[in-house]
Each structure stands twice: as structure tokens, then as C-alpha cells.
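Structures for review follow.
Each of the two complexes below includes chain A, the first together with chain B, the second together with chain C.
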Partner chain A sequence: MSEFQTPYPSYDVLDKWDSPSWNDQTRETVARRLDEVPKREFLTAKQWSLLEAISARLMPQPDREEPVPIVPWIDDRLNKDRRPGYRYAGMPPMREAWARGLNAIAAECTDRFGKPFEELSSEEQDTYLTDLQNGEVSDRFWGDMPVQCFFSELLLKDVLEIYYSHPVAWSEIGFGGPASPRGYVRTGFDERDPWEAEPADV
Partner chain B sequence: MHPWAAVSVQAAMLGTSQPEPSRRPLMVVAATTLATAAGIGWLLQRAWKPKGDINHRAAQALGAGAAILCASVALDSALEHYRGEFKNRAMFVGPTVAFLGLGAATYIAFRPDRVKDQLPRIALIAVGATGLIGIGFHTYNILKRPGELDALNLFYAAPVGAPAALTLAGLYGLIAGELLDGSSAIRTQLPKLTAGLIAFSLLGTAAEAGLLHFRGAFQDPAMYAPVTIPPLAAVAVGAAALSPRAALVAEPLLKATAVLGIAGPIFHAYGIHRNMGGWHNWSQMILQGPPLPAPPAFLGIAAAGIGLLPALQGREQ
Partner chain C sequence: MYERAEEVRAKDGRAPDVFREGKWVPMRCYPDDEEVDFAIVGTGAGGGTLACKLAEAGFSVVAFDAGPFWRPLEDFASDESSQGDLYWTDERISGGDDPVQLGSNNSGRGVGGSTVHYAMVALRFRPEWFQCRSELGYGRDWPVTYDEMEPYYDEAEHALKISGPVRYPWGRRRKRYPYRPHQLNASGLVLARGAEKLGIKWAPVPLATLSAPRGMAHPCVYRGFCIYGCSTNAKQSVLVTFIPRALKAGAEIRDLSMVDRVEIGKNGRATGLHYHREGAWRRQKARHVVVAGYSIETPRLLLNSACPEFPDGLANDNGIVGKHLMIHSGPGVWGRMEEEIRSYKAPPSLALTEHWNYDDNAKDFHGGYAFMSQGPLPNAWAETLAGRGLWGMALRQEMTAFNFMAGLRIVGETEPRPVNRVELADEKDDLGIPIPRVTFSLSENDKKLMEHSLGSMRAVLEAGGAQDLWDDKDSSHLLGTCRMGDDPADSVVNRDGRSWSIPNLWICDGSLFPTSGGVNPSLTIQANALRIGDRIKEMAGRGEL
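Now for the complex of A and B:
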């Protein structure tokens, strides 16, 4: 996975800061995202470090000196109890789901490997996360939690959603930020507006 | 109060360049635009000094109309083909030939007696033929897309009627020559036939505007103007071909159509202003907003029609 190479090595979405592509609303939101990373409020220190370890496997950022912060924003979401407006059948409310899920992972890993998830090798961590994805975990730790749903719909989705909300991730995939005020005109295959990122090998 | 409402009130108080959220300014904008356009039209008419007999003056007007049509097509197709990234090399042909036609037609507007010279004649024939070939290309572009002749493709694929304006411009130019040098039988019949062609031109252009204004949901009441006045003018010009007295009705309608052709770009500039980001976002909106150079096509056709009316009536000034 670390072999991923961005097709847009010379593109930085932040260069659009003062261009017609961005307006005050965009600048305000992105500035907050860059400068006001929240402190830990809701998760316990243990849950926080566990979630850091998990998101480092789901969204590895080995080449990045300053990784895109992910856990602080999940914690912030939980602290403010900002729910998405829907809930999967059988899934506890957001805060409870995250607390129960993280505690279950911590307990099951200690039980299965004899040490906490954070101290496992990357291979062991991936093995466990794959089991979690496939629902191959023990009811002893998970009770009636819909495990696969927790992994795919909460854990994985939130980690990726927050990662791809960051301008660094936008630059990496050639994304221009909000399509407001300036959107897209040429929307067919292989079409590119002059204000869009240009892949290096074209 | 809704937080967004607070933002727009604040923007209004600060006088920032936010597009108006309401329709209230439309009346003022429409009145100002039409008044300005009427003023420009009056100045143009005053500056326009055709010479000679009625046929000579009609020929000059046809040349001027063809030149305005070509200018409109040149700029509009350059803009739209740029939007299409000139993906097909043939997309350079339309704007290039339209510029060529602009040159030839402008020359004829001042020297209609030279239409029969080889160079302007070849240019006009090339312009007319390019229009026909363009219709073929645009039809192919529409039909090759999934859904073929469905509304979506008619709205968003290459506009099927647009290249026809070049054919009309070529025809106007060639007719100008015949009005001067044709046999006497041609010279008495030709104004009537040309009136028919003008009526057809108006209807076709109104249909194009209607399609695109329907695409734009007629969201500004002014968008109804080019689908009502030019068709009425077309009927009147058509009637004038049969009965010269109808020219009395045709003249004001053609003048109104000409005013619309001048007012159009101003309205469209206002439309760009009302789009997301307004003129600050011009690089997107000149492509995605209403097309600035399209409406003067009405001015071109109307100018040709107005100049033709005296020949229809057989009245010398």
C-alpha cells in the first residue's frame, strides 16, 4: 500500500486559496481544518491510542512527516455527539457504538494475542482487522453488536471520510475542493477544465 | 432568523458583490437593458448610411446582416469549441471560416457591387457550405451519444441549428450580389424570396433560443422575449413578401428584434452575474452561463430584414 504514488506530484490544492475557485466559506472551513485540530475530550487515553493504531492500518501514512489527523476529529464528532442522522438496524447510538466497539477490540486482542492491539506487529494487526471485517470475532467480547457493520460503516468510513476531508489528501488525488463557487464545465471522460489538477504523465 | 438569511442581509449591508437572491431587481435590469439597447440601436441606425437605389441599399443591409451573423457565430463557436477542447480538429473550421465570412460580408456591406468578384464570392460560398457541413457534424455528434435524439443530447450536445447561421450568412451575401446584378426577373422576384428566407432565419434562431431558454427553465421572464417577438417578426416579414402593406407591421417588429439582439448580451452578462460566483468566477461562467455572443444573431437577421423592406414595397426614399 505504501507503494501508492500520487499522479499529481506538483499539485497543491492550497494554491487555489486566493483563486476564484475558493470563497470565504471555503477558506474559513479549510483554515479551521488545518489550524484547529481538537484536543481529546470524549475518548479515554486508551481508546485514543487504540484508534490511532487502527487508523494507521486502515489509512497508512508512512511517508508523511505530519500525518493527516484522523482520531482528533472522530473524538470531536463523538464529543459533540454530531450524529449522521441515521443509524443502522441493531447498531447502538453513535457514542455507545464507538465505546463498545473500541473496548471490544482492546479486550479481544489482549485475550487472543496476549498484548494490546497497539503492540502487535502490522501483520497481526491486519489479521485481526480482517477478521473484524469478516465478522470472525467472539460474541464474548462483542455481544449483540453487528460487528461487520461496525467495521465497514463506522470505523472504516469515518477514518476515510476524515482523511479525505484534508487538503493534503485532496492534493494527493487531484481534487479541487468544494465545487463552489467554481464548479466543473467539462465533465465527460478524459475532459479537464484548466483550473483542475493536471496529472504528471499526461 | 435563518442563519443564511443573516449572511445575505449582512452581505447586502456590506455591499459585497453577492448576486441578488430575489427577482425584485429584474424589472429594473430589464428596463435599463432594453433602454440601453434601444439607444445603441438608434445610434447604429443613424451611423448606417446606405447608398443608391432600393436594391443597392437592400444588398448593403444583407451584407451587414451577414457580417453580424458571422461575428456572432465566430465568437460563439470559438467559445463553445474551446469548451469542447477542440477535441476534433474539425472544430477549428467553424470559428475560422466565420471570421473569414465576417471579413467578406463586411466588405460587401460597403461594396455590394463587388460580390460577383471572385474572392468574396468564393468566401461566401465557403461560408455557406461550412454551415451545411457543420450541421452534419453536429447531427453526428448528437446521434453518436447514448440516447441519440433525446432531450438531454439536444440540450447539451453540439447545437444542431447553430451552424445554419453560417449558411444563412453565405446566402445573404450571395443574394446581395444578385439583387444588384441579376436579370430583371430575378431582381423583381428576389426581394420576396429573400423575405421568406429572413422569416425562416428568424424562426430557426428563435427555435434555438427557445430550446436553450427552456433548458434554462425560463427562470428570468426576459427569456421569453426572443421566443415571442422574433416569431411575430417572422410572420410579418413573410406576410410582407405576399402583401407589401404588411411591411408597415414588419418594420417595428424587426426593429424590436434588433433591439433584442443588442439587449441579449447585456441580459446574458447579467445572467452570468447571477450564476454561482458571478463575474468573479468568469472563467467557468462564460462557458456555463448564458452565451454572451449568441444573441446578436437576431440583430444580424433583423438588420438584413429592415434593409430589405423598402425593396419589398418598391418604395424609393
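Now for the complex of A and C:
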């Protein structure tokens, strides 16, 4: 699957920016996300470009000239060492886990394919990521790191969280978005307030 | 994606006014060297509620919280990922066969504790659960009965103006809920429709969010960001209920104060707290200390307070501090509906069935479970789909069915077992305090219960009209680790939350639970805190403190 289709092509959650659905603190929060994309601070240039290539497969955006930025926010989280409040036993602390994981991917791909992950075809990239997901990797590169945990709890989780925190992602799935002070009135089956997303075929 | 607002707000004779933007309320302040009646660690469902009760009884109270003191109206954005500041994000290690997801899943940080981001579900325990060993043949009896708890459930429900149905179909006959029930959303209607088709009772969930105005707060506007901070104050968290009352009654709340040790005198009694605030370590003297940090931080503090008098940690003569950790298992079932559901609107869980909490027939396991309708927002939903193994374009495309999905999830009882535990790790946090290591594995009975619940949920969801069903795994809540009991040999504290070995050390939070029950714990934690508050007042009156 490479094409993407949204049932809500004419819906833009940002149209509500000045409506009662958005309050000042929400506007501030989302404006920072849109306007203040952080610069690289923590990852090396190599790790950054590898992560760009990985996140382009975990969350492909071929339909966008300017994809939703994901890697800058992962770098920002690492730079500020903002942890989720736990790590699973066997996993190193967050920063170390990211560095070890990215370096292992780089080394293993070069070993297996004879070229870096970034230069693989999309199919090859997906094949390798599926192996990561299934834990089918070599200890030579991963040591004792629980690779499936790295894939699902760090890599994929962060990519998804960052993508689905962006207003264009809210729009494409028909999510109402911010809703304060005005919430919703109509909550039953097939009920929709006038400020909610309307599917194209209605 | 968010910046942490780390400014001490409650000091110099004032605390944030939670009902008015930028405003303050007066707060009585005590110097560190004044011996207060009660120093309480934690201001959530246990500690915040007890602080109010004790202050209103005339005791001098200082309550400490490691997190900030929010003003909901100005601090809480309508945004999932900016709300990370509400969670306990200090490092913890989670292990065992079924390691528990911590952080946002079950651990709050801030004045009001986890009630600031809880889903507001306000259920009572099934009466027999308090004597489940004697009456139902499993688990362990609590040292209190439902008869003793009942007036405090009433008190808690009134303090929180719980909205609920006129007739709640399970449990003992009860008084009316203070506020009327909320309208259902489509997600709740799916459960209702399915349950009715199968002839199973269902009910609107009794909720701690307003269905009518109260004071300066207006009714819930169904914005749906309930497991993040409520920006309208409809949610009746401890932050906007018991904390304002506590302040009015003369309690001091110390925000951004991390306690690392309960201090013990040569006579083996607690003398106060050692804590970190505004960059410095300080000491607060107190006649009594209450630990109310929930199932991980409470045992962590007791264990880290080890001293020559108590080398294995406080209240730990029998070695069970930190043991018998429980969670609520939370498998869920999801499916796609013909109708638009848009479950992002209104509180996530508006309808439930407690059928399998009260009907013990045809069970091949001990214990019970309730299940409720669900309302995940996009981040949470993407994580759920990722749990199915989806990523890439397959996931992105599947996300566009968001508005048609409906699901059910249980709050399932797990057994209290000593192998499930909280200990101190060798690794230390930024303040030099050993971080907790949490170990959890499901028992055979826990797994049987989960399997059974999947069948029940599938049947209800299918009857409700959902297609292409699939299930997932999750968990919620933390319970136990410092259980109360009648026998000093196998409990940490007595029925009043009072330590067996240190008479002026108390515990008041979810860690007291001897068993977990199959409902969300907050109302029981609060009712128990109100009861303990009354017991302390009675004991003081008789000179027994």
C-alpha cells in the first residue's frame, strides 16, 4: 500500500483556530509545535539521517511536499532527556537505548545489504523493519538489547505520538481536535455538531 | 513536545486559586521547625482527601507533593501530548513476566495526584469483596466491612457531586447519586445496545464530572480530553474539591517538594520529614507522619527511610512492605461500526456492566471484572493499532476509520501475590534517591479471568453491532504493597492505616488495599481516607494518638 486516502479531504482542524473550540493555552501549545521546530542537538548527523529514513517508512507521507516533522521532536526529547516514567527491565536508559538502537540498525544494514539503510529500496527498508519488529536480528549488532522492545516502545511509539500530535494528522482522520471552552453537544450514533469533520461522500 | 512548568506556587501565605485564572487564595504556612500535628506525603486521592479531613478536624497539617500546583483553567491545553507534565516521569524499572506500563498509564504527579488525569469513574466495591475470603472463598479479607465503609462512600460521593443513575443495578440498595447521569455518547450506546440484546444489565457510569453547575464550575461540556487535565473544572479531582477545602481549613500544601526520608528519633518514633524543595534539602518536624504516595512511591519511601532502628525500612518488620502489588488487568475488544461513533466526544467511559462482578455463576476463576465503553484520542488510538502490529501506510490508512471504531475494556481483578513487588534498585535519580524496581507477573487465575472477559466483551460488542472484532492488552491502576490488616504478622498497618511498629506513622492511599476488586479504585481510596480521618479524630478525642 503506498497511496493514502482520507475520507475528510475538505476538513482542516485549524479552521477552528479562532473559534470557541480553541482557547489561548491550546493555541500557544499548537503554535509552538507548528512554528518552533527544534534544530538538531542530540543525535549525530548520521543518526539523524538514518532516523529520517526510518520514520519515512514507519509513517510514510508521499502525499506531502513538506512532511510533518518527526525526527526534530525525537531529538528534542532526547536532548531534554524527557523520559516516559519507566523503562522495561533489560532496556538501557532512554538516551543510551536510542543511540545503541540506531547504531545497531546502521551497522546491521551495511553488513546485510552492503549499503546503509538510507540507500535501500522502500521494500528492503520495510523488510528490515519487519525483522526488527519480529526480533529477527543478529546479536552481533544488538548485544543484549531487547530489540522488539526498542522497536515498539521507543521507535514506533515516538514516531506515532509525534505524527498524531500534528493538526494535519487530526484533520486526515476526522478528529474534532481541541475542544475547550466549546466541547460537543451531539454525541449519539451518526450525530455531528456543525464544527465537526464531514466526510466527503455526505 | 512540551515544557515543564516548574515553579513553586504555594508559598508565602498563598496558594493558587484553582477556580480563577492568575488568582490566589490565602494559605496558612508553618515554619519547618514547628512541629505540626500531621505531615502528609502525597496529595492525591488518599493524602489530599485526608489532609482536608484532618484540617477540618482542627489538626495542623502540612501536605507535600512532588509535583506542581496547577490552575486547570489556564494550565491545561486541549492537547494530548502537551499533557505529559501530569504524569510521574521519574525513572522506574518495570520487569517481571508481564511488566506494567507506568507513567501516563497509572502514575500522577502534582497536587491532586492521579485524580487530575483519571477517567472519573466512581464505583463502589461489591460489599462481599471486603470479606472475599470468608464470603467468596478467595483473596483476603479486609480489616473493615462494607457496613463501616458505606457512610464514607456516601460522604465521598457527595463531596465529589457524583453524577449517576437513579437506580444503580448492582450492590446494596443505596441513596440517590447527588447529580443526574450524563447523556450517553455513541460509544456508550454500543455497550447499552449489546447488553440489552443479551439480557445483561448495564448502567450509565457514575462519574466525578459535573452534570449540573457547582459553585464556580459549570457542567461538563463533553470535550473528551478527560484522561488529560480538565480545563473547565467539571472534573471533580482532589485538586478542585478536597484541596480547596483543606486550604480553607488551615492546611498548608507544599508543591514541588520531594520527600526522600521519614525521619526516626532514638525512641523509634517518626519525628518528621526530610525533603527537597527549591534546590535545597530541608526538614519538617511533625508529631505524626502519613505516607500517601500510592503503590510505588509509598513503599519506596518506607524502604529508603531505613535507619539503625529499622534497618529493613519502616513498618517492615515482617518484610512485606512493597509486596503484593496488584494492577487491574485490562484486555479490550474493538470493532468497526456501521454508524459514526466519534468516541472522542464526552468522557471516555460513559456506560458499563458490572454483571461479572456480581454474578459468580459459570466462572472458571476467582474474582470479577467490570467493563466499560472507551474513548481513545488519536495518540492513544495509534498506539492501540500499533499494538496490533500495524505501522507504515497500513496504519496511517487504518487510522482514517477512527470515527467508526467502538471498543470495550475491563477493569479486572488480579490476585495479591508476594512475587509481585516494589523494591529499590541500585540506580539513583537526580536527587540521589534509589529508583524503584517494579516486578509484576499475571497468575493463572488472572489469565483465566482475562480470557473469560474477552468472550463476554466480544459477545456484547457483536450484539451492539460491531464487526471485524479484535482484541488487545492493557492494564490500569496500581494497588497494594502496604496492605492493612488485623494481624501484625502479615500486614503493614492496622485497620486505621497505622503502622504496627511505629505508632505515629500512618499510610493512607491505594497501597493499603489487601485485594484489588474489579472496579476503579479512586472512590474506595477516598472513602477509606475519610474513614481514617474520622478514626484519627476519635482516637485523638480519647487521647490515643
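Some notes on this structure:
We adopt the following convention: the second predicted complex is superposed on the first by the 194 of 202 C-alpha atoms of A that agree within 3 Å, B and C clash if a C-alpha of one lies under 4 Å from a C-alpha of the other, contacts with A are read in each partner's own complex, and residues count from 1 in each chain.
The working rule: a contact is a pair of C-beta atoms (placed from the backbone, for glycine too) under 8 Å apart; a residue touches a chain by one contact, two chains touch by 3 or more.
The shown structure was predicted, so the numbers you read here are calculated from the model rather than taken from an experiment.
When the two complexes are overlaid on chain A, chain B and chain C occupy overlapping space and clash.
Set side by side, chain B and chain C differ in how many residues of chain A they touch, and the one touching more is C.
Of the two partner chains placed by superposition, A:E198 touches none, neither chain B nor chain C. Judged by the touch definition given at the top, the superposed model places A:V185 against both chain B and chain C. Of the two partner chains placed by the overlay, only chain B lies in contact with A:P20; chain C stays clear of it. By the touch criterion stated above, A:E119 is placed in contact with neither chain B nor chain C.
After overlaying the two complexes on the shared chain, residue contacts for A:D12 are found with neither chain B nor chain C. Residue overlap on chain A between the chain B contacts of one complex and the chain C contacts of the other covers 23, 180-183, 185, 191. Considering their complex, residues 1-8, 21-23, 25-26, 28-30, 33, 57-60, 73, 76-77, 82-90, 93, 126, 129, 133, 152, 156-157, 160-165, 169-170, 172-185, 187-192, 196-197 of chain A touch chain C.
Interface residues of chain A, counted against chain B in their complex, comprise 20, 23, 180-183, 185-186, 191, 193-195. Those residues of chain B whose C-beta lies close enough to touch chain A in the complex are 83-85, 276-277, 280-284, 287-288. Residues of chain C touching chain A in their complex: 1-2, 74-82, 84, 87-96, 99, 101-104, 107, 183-186, 189, 220-225, 231-232, 339-342, 344-346, 377-379, 381-383, 386-387, 389, 391-397, 399-400, 402-403, 437-438.
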